[in-house]
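First the structure, which I've put down as structure tokens, then a few questions once you've had a look.
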Amino acid sequence: MDMALEIAVAAIKIFIVLNVVQLVVAYTIYVERKVIAHAQMRLGPMRVGWHGLLQPIADGLKLFLKEDIIPDKADRIVFVLAPVMVLVPAFVVYAVLPFSATFYITQINIGLFFILAISSLGVFGIVMAGWASNSKYSLLGALRSAAQMLSYEIFLGFSVIGPLMLAGSMNLQEIVHAQSDVWFVFYQPIAFIVFFIAAMAETNRAPFDLPEAETELVAGFHTEYSGMKFAFFFLAEYANMFVVSTVGIVLFFGGWEGPDFIPLPGFVWYVLKLSVFMFVFIWLRATLPRYRYDQLMRVGWKFMFPLVMLNIFLTGFLKYLFL
Amino acid sequence: MVGVANVSRIEQQSTVHGTEELVINMGPQHPSTHGVLRVILKLDGETVNDLDCDIGYLHRGTEKIGENITYTMFIPYTDRLDYIAAPSNNLAWVTAVEKFFDWEIPMRAQYIRSMVGELSRIASHLLWLATHALDIGAMTVFLWCFREREMVLDLFETAFGGRLTVNAFRLGGLHEDVPDKFLQLTQEFIDIFPSRIDDYETLLTNNRIWLQRTRDVGIISAEDAMDLGLTGPIIRGSGVSWDLRRAKPYAAYPYLDFVVPVGENGDIYDRYLVRIEELRQSTRIIQQCLEQLPGGPVTCKTPRTIKPPEGEIYHSIENPKGEFGFYIVSDGTTTPYRVRIRPPSFINLGGLKKLCVGQLVADVVAIIGSIDIVLGECDR
Amino acid sequence: MELYFFYMFSGGMIITSLLMITRANVIHAALLLVLTFFFLAGIFVLAGAEFLAAVQILLYAGGIMVLYLFSIMLMNVEVAVRMRQWHRQGVVVFVAAVLLGLEIWAVLKGVEFPAAKQWEWSLGATPGNVEALGAVLYTKFLFPFEVASILLLAAMIGAIVLAKRTIER
Amino acid sequence: MPDEVVENSEETNGAPDSGETAEEVKTPPGEDLKEVVESAFPGAVLEQSAYEDHEDETTFVLGVDSLVAVATHLRDHGDSLFKLLTDLTAAHYPEAENPFEMLYHLYSIEHNRRLRLKVRIKEGQAVPTVSGIWTSADWMEREVYDLFGIEFEDHPDLRRILLPDNWGSHPMRKDYPLEGRGERIYTKPTRKEIGD
């Protein structure tokens, strides 16, 4: 009986989180369109609803109703599985994300490691999509993204080690508690820079959007996708943005905790910090040109890798000295 | 259907033992080939080993049309060549035909021609900057440039009624004088435009990613540029200070003061700087035109039917894209015997292979952008 | 409850492994292998080794298999499908199978491996405890750990040298 | 109206404005260039003309055989330095004895001069390629081949460029019909031709 209740509660939580996340993701796309539009001196969506507020819903409906095209020479099974393989890891990660002190689906001791492990699977979907489309542009996009995500995953993984050493735990809740005095971003500035760049690369966002560089590879790995399958890729990208932003907030910006003198609920703090992160993501997309593939790799291996290694060494050394 | 044999030609060569080169087809429906250009790339990984351009999708036989209609009737056809900077084409044709005669073109017309020519240079360079930046991934510059290009097109509309294909000039001068509103609006545009150029530069000129993408990419030396027949901002980017407005002045350019910007390394970044500086110089020229604009008639006395004497002439002007010329053979009748268009885009595009081989796919996109082609003129 | 999960995971593993070795299409085989890794990770979780499960997914599924796919994708799969699936490697396979069978038999028979008995395994007590794992690695098993690291480093340098040489050719 | 031409400052100087002075009046335009050619290849210039004595319209008619040698000489000689092949085209005069006229527009950045070379050829006669002298001739000769059907000897890659590969005729010839089906024959390529 207890077990059944537990499962039921978990199911309800999952249902809530999943739906809220989907809705929020849809509206993030709206916000992105609006922010970029205003950066570019135009208005963005204005027609559907007040200031285009219903635009995401219209977009979703359109994608639902669109014809679903599977290319003749594609590998059907892999082609259909690929978008699922991209979306599922993106949402599974939400199982361990702490949205506030009390609101989370579950918490496990290796929370951070779980996130890294699951989010590393997203690249499968992309590689599968690129290969199964049987298109040269898709294949090139998939190759780029595989190389990019593999290498940047390494920097991402190494960059979280610094805060991890300070917190002494992989449990996300405990990491947040460890920052109740000072945010880790002040202790770990190098780690944060590396983390932020790697996070942008992991989510394939500008200026690292090489796998889907529309002016070079048409749309990269999802060139051949349409309708709901295309929407899956799109959703996954934004869901991943949320994940990396949340991880960044938890690791470097004290999670849902805010300064004591401003009495706001934890969830509000979380949303505020998340908004800032998302805004920076969008802002960068509106501002920066795109890196070239070899330059991206060079930045990663020749600049970020030594930096993050130095950071781990320094952290260990200083922790040994002062703590 | 066009050029199907091209692919098979490349593919036949590519059967090597073990590894195979990837042949990809960029265009004619690719976001960054600027129209209907098709580039067949032979790749080793992401490095370009060989490249073949397939053009002609927009071939309309403009030269043949020119040989069968009168000199005046051909003016609107020139609009459709480099449709990004249509008045410039009109200017080339009009001045070319006028070379047959010894008409005294009124100075007011000459100044307005120069002014409109520079406006079209601004319009063209703005579209180039917009698409070039977009190709490299800078999205915002695209719309900022279009905001100003829109203003230039509005100016054309005020003066000539058309926006894109304006049919601006007539043999012997202008069709009629431009309205005062045009001069006033041009002054307003000139006043704000320099600060807008600063805005573009804020986003790009010192941007590290932009520098990495454009510096030392697509380098062409001055000698190679001449060998490939490259003209316009490309050859100036390679360090050759040569501008037809200065070398063979036409319209009111002998009386105008401007600087011919020159690059050093001949890479994409230098071409970018040259064009940005040309935007500023164009602004300066227009300002001078507005200040010096004389009064008087805008057209000289021309015969009712234009019948140039027998002979042949070649005349070219400095279009935004390079040297744009006409070779005309007259047989003494009202229609030219032979019209040849010297298209800068076509010849500059011929240098693409030299520029791209050995570079990466992403660079090909940047290089095509830096050549600044327009397919209407390339295919004619 | 745990037993059901165990049967689910192990059954899944057996089925996917069988499918994997019978597929002619290499990509499908590789993807099935990924699935096998998932089931294996599930079994690790059941055994209380959450950290190991995460490493299993992160390294094997997320890292190494992607590299496999990466190289397989560059092959012409359609040609590979039509190729012979038996490569006269039967002898090697037979020997390996016999050895594996012997090992399984030995384990089931309860042959004791003395070295394994000496260490007091306490990892299961604190599930997923990274500290415990780190302590074990850097004290008891420091030497094997370092040897493995040096071996891997040597392999990495070797791979780089080999790759460089072919490029310069 | 301003009376004087704005002085070219040093950095703005496009190219030295040579010629167009009083000495130009004495000799017909292009006489010095003719000397450059004649000094190395006596008798190479078959005809010399210029439209209304425009200096830029200087035209030399050359023989087919001497074209490459003279062109190379003109490119390399210090007094000519025609390093830029501005334009290469052809014209069709069906009634003439040599119905095709190849036209080479040369430009020298150093001397700011233009020169037009002409070669007159018969129907079906091949012209030596100048793409070895100016790489830019590659595409322009392809275009002439495409639109006029003039063949170029030793051209590295003589294919059609603007029209489809199996277009039946050469539209810039004067005998190309302007209306009706005429000789505009376009056959759909077979699968074999596509290489499918």
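For reference, chains read A, B, C and D in written order, and residue numbers begin at 1 within each chain.
Everything below uses one rule, namely that a contact is a pair of C-beta atoms (placed from the backbone, for glycine too) under 8 Å apart; a residue touches a chain by one contact, two chains touch by 3 or more.
Predicted model, so just to flag it, every value in this text is computed and none were measured.
Core chain by CA centroid proximity to the global CA centroid: B. Centres computed as Cα averages put chain A at a distance of 60 Å from chain D.
Centroid to centroid, with C-alpha atoms defining each point, chain B and chain D lie 22 Å apart. One inter-chain figure worth recording: chain A and chain C are separated by 28 Å, centre to centre, where each centre is the mean of the chain's CA atoms.
Taken residue by residue, chain C touches two or more other chains at no position, since every residue touches fewer. With chains as nodes and touching pairs as edges, the resulting graph is an open line. Listed by label, the pairs of touching chains are A-B, A-C, B-D. Interface residues of chain A facing chain B in the complex, by the touch rule stated above, are 36, 39-42, 136-137, 140, 144, 206-207, 209-210, 213-218, 285-295.
Residues of chain A that touch chain C in their complex: 3, 75, 77-78, 81, 108-110, 113-114, 116-118, 120-121, 123-124, 127-128, 130-131, 139, 142-143, 146-147, 149-150, 153, 157, 168, 170.
Residues 22-25, 30-32, 46, 133-140, 142-144, 147, 203-204, 207, 209-210, 212-213, 360-363, 365 of chain B touch chain A in their complex. Contact residues on chain C toward chain A in their complex (touch as defined above): 1, 25, 27-28, 31, 34, 50-51, 54-55, 57-58, 61-63, 65-67, 69-70, 73-74, 127-131.
Remark: chain B residues 1-8, 11-12, 55-56, 59, 61, 63-64, 68, 99-100, 107, 223, 226-231, 240-248, 254-260, 262, 292, 294, 311-316, 323, 325, 327, 329, 337-338, 340, 342, 346-347, 349-351, 354, 379-380 touch chain D in the complex.
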